[in-house]
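In the two complexes that follow, chain A is the common piece, with chain B as its partner first and chain C second.
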Partner chain A sequence: MAPHISGETIRRWIPLLVLLGLVLFFTTLNPHFLSVRNFARIAISATPALMVAVGVTFVILMGSIDLSMEGTIAVAAVVFALILNRLGGSVMGMGCLAIPGALAAGAALGAINGLIHVKLKIPSFMASLSLGFVGVGLALLITGGDRILIADPVFRSLLTVRLGGFPLMTYVALFCLVVAWFIQANTTTGRNFYAIGGGEELARGSGLNVGRLRIIAFVIAGIFYALGAILAVARLGIAETETGRNFMFISITSVVVGGTALAGGSGGVWNTLIGVLIVNVIGNGMVVIGLPDYFQDGMLGLLVISAVYLSMDRRAFSFVK
Partner chain B sequence: MTFTERMRRHFPWMTLLAALLVVGITDIRFLLPENLVGLASDIVPLFIMAEGMTLVIYIGGIDLSSQSVANMATVLTTLGLPALGVGSGGAVALAGLAFGAASGLVTTRWKVPSFISTLAVGGIALSVAQFASGQRALHMDAEMRRQAFGWMLGRTMGVPHELLIALALGAIAWFVQTRMTAGRIFKAIGTAEPVAVASGVRVGRYKILAFALSGMFAAIAGVMFSVRLSGGSPTLAEGFLLPAIVAVLVGGTPLTGGVGGVLNTLIGALIVAVVRASMLYLNIPATGQQIFFGLVLITAIATTIDRTKMRVVK
Partner chain C sequence: MSFIKNHIAQQTLNRRKMLLLSAYGLCGAAFGASVRPGRAAPAPRDIKVAWSYRDRTNPYWNGIVSGGEAFVESLGWSRGDMINLINGGSSEKSLSDVKSLLSRYGNKTALAIDPNDMPNCRPVVEAVSQTGAYVSTIWNKTDDLHPWDFGDNYVSHMTWSDVQPSEQTARVLFDAMGGKGGVVHLGGIASNNPAIERLKGLKNALKAYPNIELLAVQAADWDTQKANQVMSGFLTRYGDAIKGVHCASDTMAYGVIEALLAEGAGNIPVVSYDGNPQAVQMVTQGKLLATVFTNPHWAGGITASLAYHAAIGSFRPSQEPREHREFYGPATVVTTSDAKDFKAKYIDSNPQYNWNDFWSLAKGPIKYDT
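On to the complex of A and B.
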């Protein structure tokens, strides 16, 4: 069969090409950009965001959205730190219960989010936005606004110990990414997310329990937010209400820039990896070439608008709210 | 119409009355006129932001950029004061109008859902605020502030001028909504957008107008807030978004649009004010507020949303 390149194929590979183009662009401006040391820096800033973005990918695949991550991350981070410090302060002893504890907190908030969205029939962006506010409030209530310091050297080794130039947290995140890919590609639940995103009424007509699947997606998302929270705490050594700050904007932008359509049904966790890398390479590159970091919010804004604009099949929409 | 449907219109003011009574029973001084006036003037910036947001929710959209636009407004007003005097307020209002119009353009022309487009435009506004301020808190010169904006701060017969300005802006929004073609078309869009399109209305233009007005109101809210606090910073208006959305929805404008409007938001904002103050009276810690308002928001959406407009809830 003669190889031919269709428009669809090109569109699929655009995010990766953009990423490569960006790396080339920043390298020509400043050769220091292309070094293991700088890539490790990018990896450190990207890993927590990667977990969060992978989580929300499942929700976006169904055509819904989750804006609750800042609250969920704050709660999971604070729960993690409290359990760890209460049970001896080291993940090598009883303190290791902090990890399942944080994941459970994330899963519980995800479940509440999904239940509110499905059972009360509230659009997901508003249900999750409200719950995000509740989560931040909850974290604030638990900590009283204080920072909780994590000094455990074993836990901090996620950041401090390096393998091949990259800290351990990078490998943990990659492992979680593979798990996410397995859920997405090799489980019935994962395939069903695509079915819902591709056409909800059709999926329902084929006998899928759409409501239950939606709740499951929000639970998976919550667990990944908690993973992101743990890695964010490992990076800074601090758990506080502010831990979740900015993750909403960054993770949604990453997912969309990676090529997962907001309308649902196409894309996936590998796209999200590319998206997270694009966002972080731009963020890092701007610093490397000497632009102040506060342009990042505006840059994310422009990125997300152009990505949604380019990815949407506008023939399918008569109007957009 | 069933009994509940007829009663639904009256829920907001009954809630307000009930909240006032509950706190009034705990402490009768709460109901003194000067206390109530103080209560109302406290939430003036919030109310103005909510009025703008009402127009967007009324057409079935959402504006998540209001808080960032207000943040930007506090910075730009403070920076513009030495050169432009009172004109800095006007210029900032126009900037807000432009940012709102940008959200509207992106939503209507490029078919980006409004919660994403406004989030993105809000990010741009935040960057502008951080760039302009150099990420510092700025302060207004006391004398210049008095000369340019002194008229905002006084009282006439015990009524703070801020309150009068807020009511005037509310009246303008009300006039737009009920007495102008634009307002009637907003209602048509909120009730059934496809029908409005089919009737030959240039829906896109009017949606952009609604977003632009929302941006302008958010900017004016920022101007008044920065004058009150005599300064500006890229995080000054933090914490406005949630109560502003709550004010709109508790007032009785559902997320699906089409009913409610700016008068409802007046009631909604007062409910927010009373609830906030009552938390102080009932000794509920301030950290609990956000949880409470978040839950109120979910309840308000669930009880007011029109599910006949949504075949699939995404």
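On to the complex of A and C.
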């Protein structure tokens, strides 16, 4: 029997094909691109963004949106650095409490975000955008505008120690990705996110507590933003109000480019992995091939549009809003 | 957590001031227009000193503010007596803040300001001079706008020429590279004047070093994370050909140094600009080869002082020579050999400046390329 490859199957793999195509494209123009060392560089820049994008994936799967990541990351990063430095400055001692501390800060902000959205019935777009500003303000209040340096060699080994050519932070991120995949595929909560995204009325009619699930999704997202914050601090050794800068654009773009529908109900964390890699390969590749910097932003925009165009099934939409 | 409490108390106070300002706004504007203030200088205590600037997330502006506060404390006032107007990078907000301030305090205002961008300087200066108040500006001003065209009210303008210091850091870098090899430059937002001048300084230095090759120039928008990614890209593209890095700011150098550290290439020399406390610290440790200190503390204090003393009539700006109205601010190259002394003197503490000695650190009149 001849294998039947449906249009749907091809479309599911298109983001991956786009990624391979880009790698091929940049390699043709500069063979240095295709090297373990360069892939490690791409991985370093992609890991914090991957955590953030995975977090927002859960929210987008429900058809909502979360734009609070820049504020949440700033707060989580600053809380992490403050606790670490106050409790001895090393993650090997009491300083390890900084990790649950930062995750708790992320979860708390996520919970507030979800509660505002669900209980006050404010659209997630506005609620989360506003809360993002609150987060940035809060981080500024805590730091007074200063940068906090992290010198702990054990914590910095996430960046400096390599295994198979890739720094440890890459493996940490992959582990968290697997956890996210487990939540998505093997828990009732995870599957219910799809149900809400696929049709909220139907989900409600089937007896799901949609409000509660929405809040849970925002909490999970907040925890992943905090993970992203910790990895971002590991990458630069600096925690500051600006730590969250640009993550909103990169994470939302990655989710969409990876093929997760903004309308909700389809896609997932593996799509997000591919999306994050596409965005970071483009960013790295443009420098590697020596594209003049005044072209780079425009080119990034065009490539993102192309990637989204290729990876979405437009016949499924009667109209686009 | 007392610092948070203090901060909230201070911010509440500022917010209350701003609310009052807005409330007084309309009546004040009408009043100001009908009763044209006279020339008599008000008693010193009546004068309100305000600083308008971009934000508090940047060590540079924090330095400016600390200088402004040191100046008001030298008058026997408390820090909180200096009014902070934070524009967050918006020229519209900058101008509307200034107008509210003028409606509230009229000709008793002494304003120090970075107008955020060059076109915004004129409306700010015109609003101040129509009210009979006094303003000193830094950084942003169009070339056709001059303090002497506004009598006494536009007291002074200070800016910094970055070409020469940037050229000096480039020379320090090239010498450390042994006068040969490839260098990459990470620049600020391409249209920003400091970004243009700092690149120009590098190019000037290149003329004297024929064996140094400028491999690439790329804007990283003053941003640590972007600089980190750009540097990674450079490492892939040029690999071992990179023998030195010239950065247009400290914030970008932090990202570059981390990118090099991740590759075990921490021995590649890096120079930067701005002289932020952490950068100076890195120079003492040898992680950074050189940076340029522009003394924001002094700039913040002296700019406020100039506006204040013009307002109380200590001196008549219109009787001062032009190089006292428009001048360059100080810039000091900090290298590994002097970083320790420098840090002790300027970073760990601030020297006691005489805020009445207005032009002690000025570096001559501003020159225009026309």
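As a convention for this text, the second predicted complex is superposed on the first by the 289 of 321 C-alpha atoms of A that agree within 3 Å, B and C clash if a C-alpha of one lies under 4 Å from a C-alpha of the other, contacts with A are read in each partner's own complex, and residues count from 1 in each chain.
The rule is short, and it goes like this: a residue touches a chain if its C-beta (ideal position, glycine included) is under 8 Å from a C-beta of that chain, and two chains touch if they have at least 3 such contacts.
What you see is a predicted model, and the numbers here were worked out from it, not measured in a lab.
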Original post:
Taking the superposition as given, does A:Ile278 touch the first partner, chain B, the second, chain C, both, or neither?
Top reply: neither
Original post:
So, A:Asn30: does it touch chain B (first), chain C (second), both, or neither?
Top reply: second
Original post:
Touching A:Leu131 in the superposition: chain B (first), chain C (second), both, neither?
Top reply: first
Original post:
Where does A:Gly290 make contact in the superposed view: on chain B (first), on chain C (second), on both, or on neither?
Top reply: second
Original post:
Residues of chain A touched: more by chain B or chain C?
Top reply: B
Original post:
Which partner does A:Gly144 contact after superposing on A: first (chain B), second (chain C), both, neither?
Top reply: both
Original post:
Can A:Leu159 be said to touch chain B (first), chain C (second), both, or neither?
Top reply: second
Original post:
Touching A:Leu177, do we find chain B (first), chain C (second), both, or neither?
Top reply: neither
**OP:** Classify the contacts of A:Leu262 with the two partner chains as first (chain B alone), second (chain C alone), both, or neither.
**Re:** first
**OP:** Determine, under the contact definition given at the top, whether A:Val91 touches first (chain B), second (chain C), both, or neither.
**Re:** neither
Original post:
Which chain A residues come up in both lists, the one for chain B and the one for chain C?
Top reply: 140-141, 144-145, 294
Original post:
Once bound in the complex, which stretches of chain A touch chain C?
Top reply: 30, 32-33, 35, 37-38, 41-42, 44-45, 140-142, 144-147, 149, 159-160, 167, 232, 235-238, 240-242, 245-246, 283-284, 286-290, 293-294
**OP:** Provide the residue numbers of chain B that touch chain A in the complex, in ascending order.
**Re:** 60-62, 64, 106-108, 110-117, 119-124, 126-128, 130-131, 135, 193-194, 197, 203, 242, 255, 285, 287-295, 297-298, 301-302, 305, 307, 310-314
Original post:
Along chain A, where are the residues that touch chain B in the complex?
Top reply: 62-65, 67, 116-118, 120-127, 129-134, 136-138, 140-141, 144-145, 200-201, 249, 252, 256, 262, 264, 292, 294-302, 304-305, 308-309, 312, 314, 317-321
Original post:
Once bound in the complex, which stretches of chain C touch chain A?
Top reply: 3-4, 7-8, 55-59, 61-62, 190, 216, 218-219, 223-226, 228-230, 232-237, 239, 254-255, 258-259, 261-264, 278
